[in-house]
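For reference, the structures are reproduced in the following blocks.
Presented sequentially are two complexes of chain A, the first with chain B as partner and the second with chain C.
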Partner chain A sequence: MSALSEAIALKVHYAVGAPAWRSRAGPGRVVRAVDGVDLQIAAGETVALVGESGCGKSTLGRALLRLEEPTAGVVRFEERDLTTLSAEHLRQRRAAMRMVFQDPFSSLNPRMRIGEALAEPLLVHGLCNSRSARERVAEMLDVVGLDRRVAARYPHEFSGGQRQRVAIARAVIGNPRFVVADEPLSALDISVQAQILDLFADLKDRFALTYLFVSHDLAVVRHVADRVAVMYLGRIVEMGAAEDVFARPAHPYTQALLDAVPVPDPTRERARIIGRLQGELPSPMAPPSGCRFHPRCPRAMSICQRDDPSLLPVASGQAVACWLYAPEGGAPAAERTPVSLASP
Partner chain B sequence: MRPVPWLGVLGSLLIAVAVAVAVTAPWIAPAKPTQLDLRARLAPPAWVDGGKSNHLLGTDNVGRDVLSRVIWGSRISLTVGTAAALLGMLLGSTLGLLAGYFRGGVDAVISWLINVQLAFPFTLLAIFLLGTVGGGFAAVVVVLALATWVNYARIVRGQVLAIRERDYVLAARAVGVPTGRTLLRYILPNTAAPIVVVASFSTAQAILTQAALSFLGVGIDPSVPSWGAMLDEGRNYLQSAWWIAVFPGLAIALTVLGVNLLGDWLRDWLDPKSAA
Partner chain C sequence: MSAPLLAMTNLQVRFGALHAVRGVSLAVGAGESLGIVGESGSGKSATMLSVMGLHDRRAAWVGADQLSVGGMDVLSAGEDQLRALRGGQVGMVFQDPLSALNPLFTAGFQIAEVLRRHRDLDRRQAREGAVALLAQVGVPDPKRRAGQYPHQFSGGMRQRVMIATALAGEPKLLIADEPTTALDVTVQAEIVRLIQDIQERSRLGLVWVTHDLALLARIADRVMVLYAGQVVEQAPAAELYARPRHPYTVGLLSTVARLDQPRGQRARAIPGQPPRLDLPIVGCAFAPRCPLRFERCLEAPPLIETGPDAAAACWRVETPA
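Here is the complex of A and B:
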């Protein structure tokens, strides 16, 4: 089956600081936010993208919608290369691919009424005139569980959960096929997270949507995902069917993530993850040599410091980028001996 | 219900009176503004010793009725002030919007223009321009707009640089909103509050600068009464005949106050958060 959305050898690097020619400190530095990712998302599935904060999840999500300029590689949507599309053609493709942002307090224009905001995708893609748009907006408000009369009001009059309903309605109005949801629950109260999650599930059935669902909450992912992609420092380190990844996590990083029993407090949960792993998350400006995870890996071997593993299928069904699973002969036996990380 | 915005009401009232006076000048002015009464030169206001009942606010050095001139003068001051502020707003906001949104080369060129304008002595520019194209209403408005556009351009550019990074601008792009529509519906409305504030003080600045230009003899023909021109004429008589300068000065002060109060209130009113 061909992919609905696809990234091939995708890199997105950000230049930070002054450009090289005007900086005294030498050339400007580069954040390798996404650094070589291959990902295929098939029509109808929900792929969850997980990983620690700062590993490049949002950047990858935006790049799949071509909201970021790829530094290298290709992004395709419905077979078409988005990187070579003209600005106007790309704009037209946006009728079919959308995004829900993390923070519903900043993703809605404070000076636009809810009704106008929801009509916007319909109008800019010429899907209907402003009269029938009003009717479509009212129907969509019903679908997302808001009163039709909220169309006349401004975003600041609503709670986070209600705003996120508006943002979701805006992302699915006009029948898009692909929606990237970037941590759409993490700015919301625990009490409304479940409702919004149900809304995502309901909309997926109703409109036959495909999701890339970015989250750092593994309990949520387990609930919604068909497949899971685990990201670490700009790379996907493990990918596979959700049952497989949760039942038999292969990569030491995935194992560490899953070992952290979900605690209903993201900061504490994060602390537990970090606590179990050795050291800090390295800077994406200077990723470690070899396997990017090796300085924190409890099972690091000498080869891990030198050679970068690629994402390959393993016996349990998923694909993993880890030397532990390299096919026989992939590395000399001597190099597979664990190295001690306690001594420098 | 929010509380009655008394200051806004006061501002609107002041502006309304000024506009009403300007519109009805031919009917409410007791005399022609250019009519000389040589026997009553430098007459003080009516309620002061030596005042004349037919010159309520006194007369100037050639015997023209100060009240009538203040009434007629409102026309030039208000129209020039408003027209210059609006033209400056159009020019400055547009350039600021483009510079802040597109950045890069567009920003470099517009920022250079802003800096040149700020570095260049405006009065010299005004004298040069008005000297070459001649005075007159339209020329003065254009020159005053050239004096005030920088105020708008600088503040709008700064605002837009910040606003373009907001999620809702990215969200607009994600939905497929074209650039022009993004500028007009997502970015410009969010800069409305500072634009209104700049507009209110730029109107005041335009009214005062127009006065200075009349004084330098390059603006609107000084025989046409304007508050600014009267203020300058009256400066020489501040000791002996204070009323020549004080009444037009008061008119300017009250109008400028009205514009500023109105601007303040309009800024609040434009904020959807206060509209609930």
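Here is the complex of A and C:
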């Protein structure tokens, strides 16, 4: 099976603060937003990429479309290496891979009518002349459940949910094969979120799309994702079929993320122990030694402070980067003793 | 029962032609927690801004048969009295702490300012008090953090600073308007637990406003559902989640993505959109989206009692489908 979109040993680092040559403190500080990720997305799949803010999930999503410049590693789309593509060739590819952003208020130009905003990708990529673009826009508005007449109106006249429909229509109108949706629901009311999820599902069937959903909320992506990748501080720590990851989360971080989601049932909710995950995401400028999750991990062992676990398959089907699941002999027994972590 | 901390009867809020709140009544006593749930435009935030007299009087018209906090009539109160109320008897925590905190002053200074204004402490006492409050809300290394500016805090820590500011005036009533919406689920869980601990320990009256019913399951003793500026259902939490009576509440519950149910059961969307609030609403406001509507819904239903301390504004309570 060949992948539609693929990252190999991908790193995306940013320099922050003054450039190195001006900084007295020596080389500038570096944010390791994505720090060694392998990910394959097959055609027709929906993959959810989940993690807390600052874990690098948005950067990874953008890097797959080469909206970010990789520091190291390879990004491929339909087996072509995007990192070596010329600007012109890259531009030609852009029609096939599109993005939907979190905030439908800032992702649409306030001075462009809806119809113009929708026609723009068609005209830019030379997919239509302006007359057939108008027809295509009208069709697309039907598809996303908006009245054709809204083409003449401006973004501010719409609610958040309607605006997200426009943004989705704009992403899909040029018949892309791959869509990265970065937190497309988190600015919306819960009641509207369900409508937009339905729309994504409908478009996928209609246009044979492949999705990467980037989200901080596991509950939301549960019903749409075929596979889930959980990201922590620039790395994927667990990845597998959605039913496996949700039924038997293996990594303590995935377990904590699932524990944090509230359930609409007062009896269960009041009995639930929440907030088990202590502390905050450490700075991606200075990730902790060993396993990056160990300072917050309720099950950390001595080996976790020193050695970085790699992503390996476990019995329940998914792959996990955690020493708890290392094959016997992977670490000496003495190093598997739990350590107590000093909590402030 | 002692007089409620917050008593509101038939609240009306209009912004010009837009009739945002259409007759909301509620009461909250010490140690009680009320959850108010609704979509954007349901009037939930406009209702809570009225409690603190925070509406711009040039833009909004606010009226009620009764609106009192700790016995004080908010509608007739002067600006001085309202200022003493906000941050004093009533603490507030908003969705976006970055815009609610002043970026030019340190976290410690902003908390100390409330202590000096409402608790009459001197400069040194206030500074120490601010550090103690930061420690109480779980900010690590509070002494150092007190000297930092809002932008130096993460989203979750900033919300803790906001909570410390709200607690500084020793409020009897805490109003939380979507305090966790901008946060990661993991941080959300910590903030929920923090506010819950504080509320239970100090027996505060708590009003928590949100669009997320799942979140309220843990915090709220009672839940009130708003739709188009009206109360459509209210009930003790245990009752509301187990036996929702209004079709809108049923719809809201089914839109929540639940991790405690099999994966095949997808969240179901409520079709359609809420009505425009700048036009008169004829009959039941939810009827155009309601799967159970019948002839009688052309007439607006009153809140009909459905049990002890529970009511729903739906004719189907009397005439089951």
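The definition used in the following text is that the second predicted complex is superposed on the first by the 326 of 344 C-alpha atoms of A that agree within 3 Å, B and C clash if a C-alpha of one lies under 4 Å from a C-alpha of the other, contacts with A are read in each partner's own complex, and residues count from 1 in each chain.
Basically, a contact is a pair of C-beta atoms (placed from the backbone, for glycine too) under 8 Å apart; a residue touches a chain by one contact, two chains touch by 3 or more.
Predicted, not measured: the structure shown is a model, and the values here were computed from it.
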item	value
Touched partner set for A:112, first chain B, second chain C, both or neither	first
First, second, both or neither for A:95, with chain B first and chain C second	first
Which of chain B and chain C A:192 touches, first, second, both or neither	second
Chain B versus chain C as contact partner of A:124, first or second or both or neither	first
Contacts of A:103 with chain B and chain C, given as first, second, both or neither	first
Partner chain in contact with A:159 - chain B first, chain C second, else both or neither	second
Contacts of A:258 with chain B and chain C, given as first, second, both or neither	second
Per-residue contact with chain A, leading partner among chain C and chain B	C
Partner chain C, residues of chain A touching it in the complex	52-53, 159-161, 189-195, 197-198, 216-220, 222-223, 242-243, 246, 256-270, 272, 274-275, 277, 280-281, 344
Of all residues in chain B, those that touch chain A in their complex	166-168, 170-178, 181, 185-186, 189-190, 192, 272-273, 275-276
Complex interface listing, chain A residues touching chain B	62, 65, 67, 91-95, 98-99, 101, 103, 106-112, 120-121, 124-125, 154, 156-157, 167, 170-171
Residues of chain C that touch chain A when the two form their complex	39-40, 140-141, 154-157, 184-190, 192-193, 211-215, 217-218, 220, 237-238, 241, 251-253, 255-260, 263, 266-271, 273
